[in-house]
Amino acid sequence: MKPKLAVLKFASCDGCQLSLLDVEDQLLDIAGAVDIAYFPEASREYVDGPYDLTLVEGSVTTGHDRDRLRSLREQSTTLVTIGACATAGGVQALRNYANVDDYVQIVYAHPEYISTLNRSTPISDHVKVDFELHGCPINKQQLVELISALLTGRKPNIPTYSVCVECKARGNVCVMVAHGTPCLGPVTQAGCSAICPAYDRGCYGCFGPAESPNTDSLEMWWKQLGVTDDEWIRVLRTFNTAAPAFAAASETTANREQP
Amino acid sequence: MSRTISVDYLARVEGEGAMYLEIEDDQVKDLQFRIFEPPRFFEAFMRGRHFTEAPDLTARICGICPIAYQMSAVAAMEDAIGVQVDGSLHELRRLIYCGEWIESHVLHVYLLHAPDFLGYESAIHMAADHKEVVERGLRMKKIGNDLVTLLGGREIHPINVRVGGFYRTPTRTELESLVPDLEWGYQAAVETARFVAGFEFPDFDRPYEFVSTDNGVRYPFMGDRIISSGGIDIPAREWNDVFEELHVERSNALHARIKERGAYHVGPMARYSLHFEKLPAELQALGHELGVGGECRNPYKSIIIRSIETALAYRIALDVIDAYERPVAPAIPTPAAAAEGHGVSEAPRGLLYHRYLIDAGGLITDAQITPPTSQNQLSIEEDLRAYIPGRTHLDDDTLQWQLEQAIRGYDPCISCATHFLDLTVKRT
Amino acid sequence: MPYIIDAAGLADLLAVLAENHRLIGPRAEDGVIRYAPITSIEDLPAGWTDEHGGGHYRLQPRSDQAYFGYVNGPDSAKTYLFPARAPMWTYTDGNFVAAPDKGAPTAIVGLRACDLAAIAIQDEVLLNGPYPDSHYAGQRSEFFVVAVNCTTYGATCFCTSMGTGPRAESGFDLGLTEVLSEDDHFFLVEVGTDAGRELLAALEPAEATSAQCSAGDDAVDATARGITKALDTTDITAFLASNLEHPRWSDVAGRCLACTNCTAVCPTCFCTTPVDTSSFDGTATRERIWDSCFSLEYSFMGGHPVRQSGAGRYRQWMTHKLGTWIEQFGTSGCVGCGRCITWCPVGIDITEEMAAMRAGAGVT
Amino acid sequence: MESVTHAVSPAMLPQAVPVADFQWELADTFTLYFFTDGEFEFEPGQMAMIALAGVGEVPISISSNPDERDHIALTIRAIGFVTKALSRLRPGDVVGLRGPYGTSWPLESAIDRDLVIVAGGIGLAPLRSVIYRALNSRGSFGNLVLLYGARDPTSLLYERELHDWRGRFDMEVEITVDRGGPEWMGDVGLVTHLVDRAQFNAEDAIALVCGPEIMMHFVGEALTRRGSRSENVYFTMERNMKCGIGLCGHCQLGPEFVCKDGPVFPLTRIGPLMGVKEL
């Protein structure tokens, strides 16, 4: 019996599940190795749970989604969150800093039609998560690695160290040292293979905090490069704004601002 | 006799939507195309962000068409601060857009829509009987992704687009490495168009008002004007004078319409019908050969138009690479200025409008984003309403599948629209 | 007695090397001096130098057209001899098959004395033990080195403390000293090996005059005098071994990002980790990639990392580099090239940390 | 290849060898057996690197009788990804093996002296081979003492051997468990207590210790208390180990590479290092 795979979403942009369709070279092999039981973005077929492997995209922003997630967890042997939304609340967690009623009013003419939670929260706030893939979006090769590792019983090779490791391995020139471009790579988890520095741009943190991120030290250095408090706060408050390490670092700076 | 057809969770569309249909005798009594995907409040949290962040932030509205968001955003910001990106930098923008059209169109044609016509639940199921077809699609799609990756750093939420240009521009040699694949892709797209034109289509022409971006000269990716088959011809900045967005109870997405006129249609069929004469002669000839001529009004046939546009995107990519000279600088300076800016561009699924107000410090004070699926929502509902009469003899399953197929013909992107599906048909 | 060639001679030398080698040399690229494939003398960074500081590097124009008037960039011989990723084996049909590890014959031009010392250290670690590293051996076997004596130095150089430079004493096939004055521009060429001698003979160079030789010596001596950064190596192994609980470790941990940049640019760091992959057809492969004592996974054992704190990880790096390395391999693990200082994103300076520890200072 | 042979090249290339036999020892511990070519030799205390293609490679001590030259055995506790995958192997399945590597128990230095072997939990595995060796030439040693501590009676390894050894008159076997249970008639408590009362001449005896680091630390103290000299006490250490031959850097403990300078170390060398947090 092939393991049963489910892929589904909560609040998100669909990009992370699209990654699975983006592995053009391996898609049919994967489809041969697992039984794609439920993947509405790609198939009308709906096979009931339980599922051996469930890939969850998106963050929880409504009470209904919270309930849906709980029953999904019950049906899943291994539940993996894919992407910054599912893992850290996503860009929509910026609402956590604002009054959602205000947001609803800005976007919708009839706020009374909209039901949402005040906060956008990661999956792990609600149910046990077996593995998390970082990234906004995830790296499709990491997704393939995760699936093949779980199928073979290997420890998924998803390192938690910083982007710098991949940056040097890729042969990039450090944009922070050599160009004076502020880079969030030293506190951001590897996984993207250091795309931004390869394009002469500083990392802006889409893979979320790395293991043991020293944001205080990096902040001091960014300031020396001319970055303002506001800019530092904004870069931490993007796709992984609700990831504890980034949230705490941005709050430290924000609180420091008010004398 | 009355019956209900209901699809709680529409498959093979991007995002979460539902359809509910109540039919009495030969008439539709109630119809709801409902978008329940939870809202993500982009317009709200864009406030207070720096204008240069807009391309990266708005890309996250949609993982299928991030380039479209980035392009409309940079267009709006550049409009606001009064700079113009032209020459090779503009050509590179067209090139990366080619990549997105190819990727998105091929995804839709092969993985989302073709299974409907061939009677499969999914492309994976379809691959069991039509392995070569699916493999061709995957290879075509990959070329689109490769193009976006080379220019943008990665296929989803590329990192290399910025207000003013790019962070790093490719060398000619890097671009030339793609040429053989693009040449193969063009031929494959032409074959795809011929292949899908052989499908069976319901007889169903609709009196749409087509709307698209216009730049006066070329088949549009980008442009500064908006035109329609109903005579609209306005600069992008007059958007709010002509169009409006309504909020209806059943949907987390806003519905756009032409003021005092109602539904309109954006997307490949609109672009094709409004700009047919701008297609290269061989693609015009292909359109005639495949019986869609200079205008297509049958939503089921959008798959043919998408295939022709895919060929077009390969063609344009080859032309851009052929003429490419690496720009002197990867971007032009972008000094902040307090102003309002409007930007339109053609996402694979249709016109995407952005408007921003920014202050002197460069911070966004107001944002408005109207994605194609919001604009097509009314049109989709009207299609469904129009499709039922004369077809109530069909059993529920067939009817449901055909209605779903009609919706899928729009390649709706619900993730975009919520900032948008579940199908229920009730027959009484 | 060294020989002498002019720029045309250098161009010929490169042309001869390029005939049967992959030719690697310095080029100004992406805002740094890289060791990258070159095709001719045209690719050399004539007129460029580089400015170094803690966490700071800038390519700067020179007032002259010196070809080797830079110090060093992030690359070293390690980039080619011990690359970030190397294949180990493939498993197919029930057998482990060794990955090919023979490198292309390579000639590298421009390496400095510290870089040669670093190669000697990696040779000791990777080749001279009971189990030589086959991939390294494969890259090392046909590796022709054209070294350059330093006639310029950077603010992060401290080779003089580590006894490795600025003059290249050994470890090269040919050694160049670039002499450039108002009216003269030539290269002294020293022969280090028979292979070097053979190659040079094709150019039929003249022998240098003693005046020319002393012009070269003067330039290198001036470099040695100019280097002020220093690291006190007195009894360093014992000193470090007896200061494992020094408060300075947590002080530096407050600044250290544990980002691994220092270990990646260090020309002697050799830690790796294997990466296993399996494909859906049942074959599997193993590669090895650079690892670093700064990553948590590195010391993972029985459910958690041994070195949890930044202090523990920084201490492992520095005590190994400067102290225990000597016990293990008979040489320091540091050649004083200064790369870890320049390329540390927050400018942590191993010489400053060492000095602070010697001074007993816990807090800066 | 059907059996384990000596050294291959390159050094990090495993030999493909089929599992000859698989035995569960405890609920989470099993022994894998492999045929050898008869030439293959190892010294008690040495380890092998065992690889599963596509899964990983881990160091495991060779636990079989070094003087039985037709096979080797590895006793493994399934605690993580690789060891769990190994626990799913069955005879005939192919693994990769390299080795033997590392230092061995200094049995020659125990000649004509008492030999004390102290094991905690799975730590008995690396010691079993040395017990076999000592028994093979029993006459060369003075008292032979095995002190073995385990979590509870169900986690006592090698019950058959323990039973045989206990039955011998030329060997003292003392066993203790942390938690007894109604059926358990033996000692309850830490293995250090056994050190205090076992029969050996502390001043001169050679002690070989293997177990969790904290257990070894306390056994070292207990031995010292009884008068053992630290140069006569040997520990076997564990550290993250990727290559097993001193090339990958992971297993360093101060100046020592646990893989090649160890895993067996004299307490004099390793003691000072063990006390340093996070070393």
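We just call them A, B, C and D in the order they show up, numbering each chain from 1.
Following the convention adopted for this analysis, a contact is a pair of C-beta atoms (placed from the backbone, for glycine too) under 8 Å apart; a residue touches a chain by one contact, two chains touch by 3 or more.
Bear in mind that the values here come from a model prediction, so they are computed numbers and not experimental data.
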item: Between the pairs C-D and A-B, the one where more C-beta pairs touch; value: A-B
item: Distance-to-centre winner among chains (Cα means, whole assembly as reference); value: A
item: Gap in Å, rounded to a whole number, between the CA centres of chain D and chain C; value: 41
item: Centroid spacing, where centroids are CA-atom means, of chain B and chain D in whole angstrom; value: 65
item: Distance between chain centroids, defined by C-alpha means - chain A, chain B (Å); value: 25
item: Computed distance of Cα centres, chain C from chain B, in Å; value: 51
item: Shared interface positions of chain A, touching two or more other chains; value: 152, 154, 200
item: Per-residue multi-chain contacts in chain B, two or more chains; value: none
item: Multi-chain contact residues (two or more partners), chain C; value: 276-278, 284
item: Sites on chain D touched by chain A in the complex; value: 54-56, 80-82, 84-85, 88
item: List of chain A residues in touch with chain D within their complex; value: 152-155
item: Partner chain A, residues of chain B touching it in the complex; value: 9-16, 37-45, 47, 49-50, 53, 56-57, 60-64, 66, 107, 111-112, 115, 121-125, 127, 131, 134-135, 138-139, 141-142, 145, 153-157, 159-160, 166-168, 245-249, 251-252, 254, 330, 404, 413, 415, 419
item: Residue numbers on chain C that touch chain A, as the complex places them; value: 30-32, 34, 55-59, 74, 79, 84-85, 254-261, 264-265, 275-281, 284, 289-290, 292, 294-297, 310, 342-347
item: Residues of chain A defined as touching chain B within the complex; value: 9-19, 21-22, 24-25, 27-28, 31, 36, 39-46, 61-62, 65, 90-92, 94-95, 98, 100, 102-104, 106-110, 113-114, 116, 120, 136-137, 139, 192, 195-196, 198-201, 204, 206, 231, 234, 238-239
